[in-house]
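Just below sit the structures, each encoded as structure tokens.
Note that subunit A is present in both complexes that follow, paired respectively with subunit B and with subunit C.
And then the complex of A and B:
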């Protein structure tokens, strides 16, 4: 049987969006979502909530991996059009994420068409690890992420010269989320 | 307080909110860049801040406290209408006090009291394109933003200086955001421009008729365009508020009797009243 989405969609989507808006506005801040979601594994509650909040029939989505129960749940609740990796506006990654350069980058005139990578990771820890700087951050934020590609920092630095083109990332682990807008610079902690 | 059950919470349908929310996240990720969105018809005419209202409706939750100002005042028709609209369709608390608000929707001013982390200020924007008076072709302004080619604006400001000895723009004075995008701050007085720089609150801009949303994240550089030999100087009438004695606030000049006598009063009514109240 298909597991349900949000129990109370209007306030739960709003609460999840405000957490995402704050996360995108203050890169590296970790938010814990207060939603009761019972999504099929391996979808974490935060990952499922982000999808329900942002994705719908007007968006295109690329699922990685395009696995059984989780894939069915996402397709049923979001109804997004399936798209190839370089064309999708949203890319959901539940394992090791694809290279950022393989995602849609947007154009100089329409950089907002750069993709959003919703990336489920093992853990997010604030106050240690990487040193983040950029818009949204007064001095520095520190964030440790477990579960990204080994060369993630090189991939991230490589998209920087193309700004304003680029990819934005929403990181999800358990009930937690954090965001990395394309403006943020990341140094090894 | 609960919302009117005849409407979806905050008026907009959930599909429209999702579309605006996606737009807002991209706007925050690319500070100062105008992101197009599929604006909806609102039950208020353009010019009443339909862009700002759609942004506010898409972010507002049951726990928010909303303040709405027009030209600094909470009690003008426009501000009162918008506040009542959201009290009805979202059942949110409203306030006139800047410090108590979590979301502030504004037309033409930034409050005098410094905004803090956790607050969101939503600007109503009639014309989002800072270059529109200089270059009416939208395809051409898009190209200029893509290349960060803002020479036209510098030439315009320099011609101003040559003619008047200073930049004559008193409102809607153009800014550079994050050192990359030229942005219209909306028709706020240039006096308010410095408040935008590294503001701890999140700044969101909604233009309903032009169907654009843009944003400035907290702690982001916002610099008013100027020249080394003609640095930007925020203008303020050289006067004192007749009610509260403020010498630092932005002032409105008002005619106070039928002899045409004039006096200055704070444009920010909440700031002025807060200076009247005895210190606790």
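And then the complex of A and C:
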């Protein structure tokens, strides 16, 4: 049974966009979205809101097979062109995400064409786990993420030498989201 | 669900051409509409109309037109859609509900008889009147040649 999208699309999408903008400018900061969204399982409300806000008919989206159950909802509400993993501008992953190197990296001339991975994880908490540093963070910021690939930190470090090419990540759990722009460096701690 | 694409095109076209007053008149006489859930809209936007000279030439952009669209679902899960020219949200929502009802075999005959057929008759009548008026002003440029 098809579920609705945003109840009031303009203010809700704007509010969600603002939260994502803040999340991207302050990497690792956890934001809680204030949306009344009846998200289709297995999507969390934050994941569904991010998709409704970012994906539309002018963007390409790749759904990993773990999101197939929500495929009809995503196609109906976002209307994004389906694309293969190396070509999509947005990639949605609900479980173990694909290797970051398999996503579109952008080019030296147009690094903004690197893909954005929308990744639903089990939980997001500010605290011991990772130590983030980089633009938008004074000294250090601590973030704890559960539900990412075991070798995520190696994958993240591996894309660093190619900067400004690379992949940005939006992490979603429940109603919360946090962002990892490619500028951030992550260490355990 | 048993209906052909052309059948659905016909009722969607009839609903798209009907005015809000005409729709309400038909609905007042029919049984009340079942509850529905809005999936998208009603929302208004622009779409590009494309033209083709004499139906054979290259397609070109003719103009943008204001369109209101709506998608609803009924309790059984049937999804109805409506795309209407103009910005009348109430009309788009009613048309979407009726589109959903007409896709269901159990409710289709009653709603065809109560709404689509009367509206189609009104529209056919309007078109015939328009044609008669236009025909009355037709100029026979070849009159001299053909009557000689």
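Just so we're on the same page, the second predicted complex is superposed on the first by the 185 of 189 C-alpha atoms of A that agree within 3 Å, B and C clash if a C-alpha of one lies under 4 Å from a C-alpha of the other, contacts with A are read in each partner's own complex, and residues count from 1 in each chain.
Please note the rule applied: a contact is a pair of C-beta atoms (placed from the backbone, for glycine too) under 8 Å apart; a residue touches a chain by one contact, two chains touch by 3 or more.
Since this is a predicted model, take the numbers as computed values, not measurements.
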item: Residues of subunit A touched, compared between subunit B and subunit C (which is higher); value: B
item: Which of subunit B and subunit C A:164 touches, first, second, both or neither; value: first
item: Touched partner set for A:183, first subunit B, second subunit C, both or neither; value: first
item: Which of subunit B and subunit C A:127 touches, first, second, both or neither; value: neither
item: First, second, both or neither for A:95, with subunit B first and subunit C second; value: neither
item: Contacts of A:108 with subunit B and subunit C, given as first, second, both or neither; value: first
item: Which superposed partner A:2 touches (first subunit B, second subunit C, both, neither); value: second
item: Which of subunit B and subunit C A:82 touches, first, second, both or neither; value: neither
item: Overlap of subunit C and subunit B interfaces on subunit A (superposed complexes); value: 9
item: Touch list for subunit A against partner subunit C, complex; value: 1-5, 9, 76-77
item: Complex contacts: residues of subunit C adjacent to subunit A; value: 37-40, 43, 71, 73, 77, 79
item: Complex contacts: residues of subunit B adjacent to subunit A; value: 8-9, 14-15, 17-19, 21-31, 33, 35-36, 58-62, 142-143, 145-147, 178, 180-181, 198, 200, 202, 216-220
item: Subunit B partner contacts - residues on subunit A that touch it in the complex; value: 9-11, 13-15, 17-18, 20-22, 24-26, 53-54, 56, 58-59, 107-109, 111-112, 114, 116, 135-138, 163-164, 168, 181-183
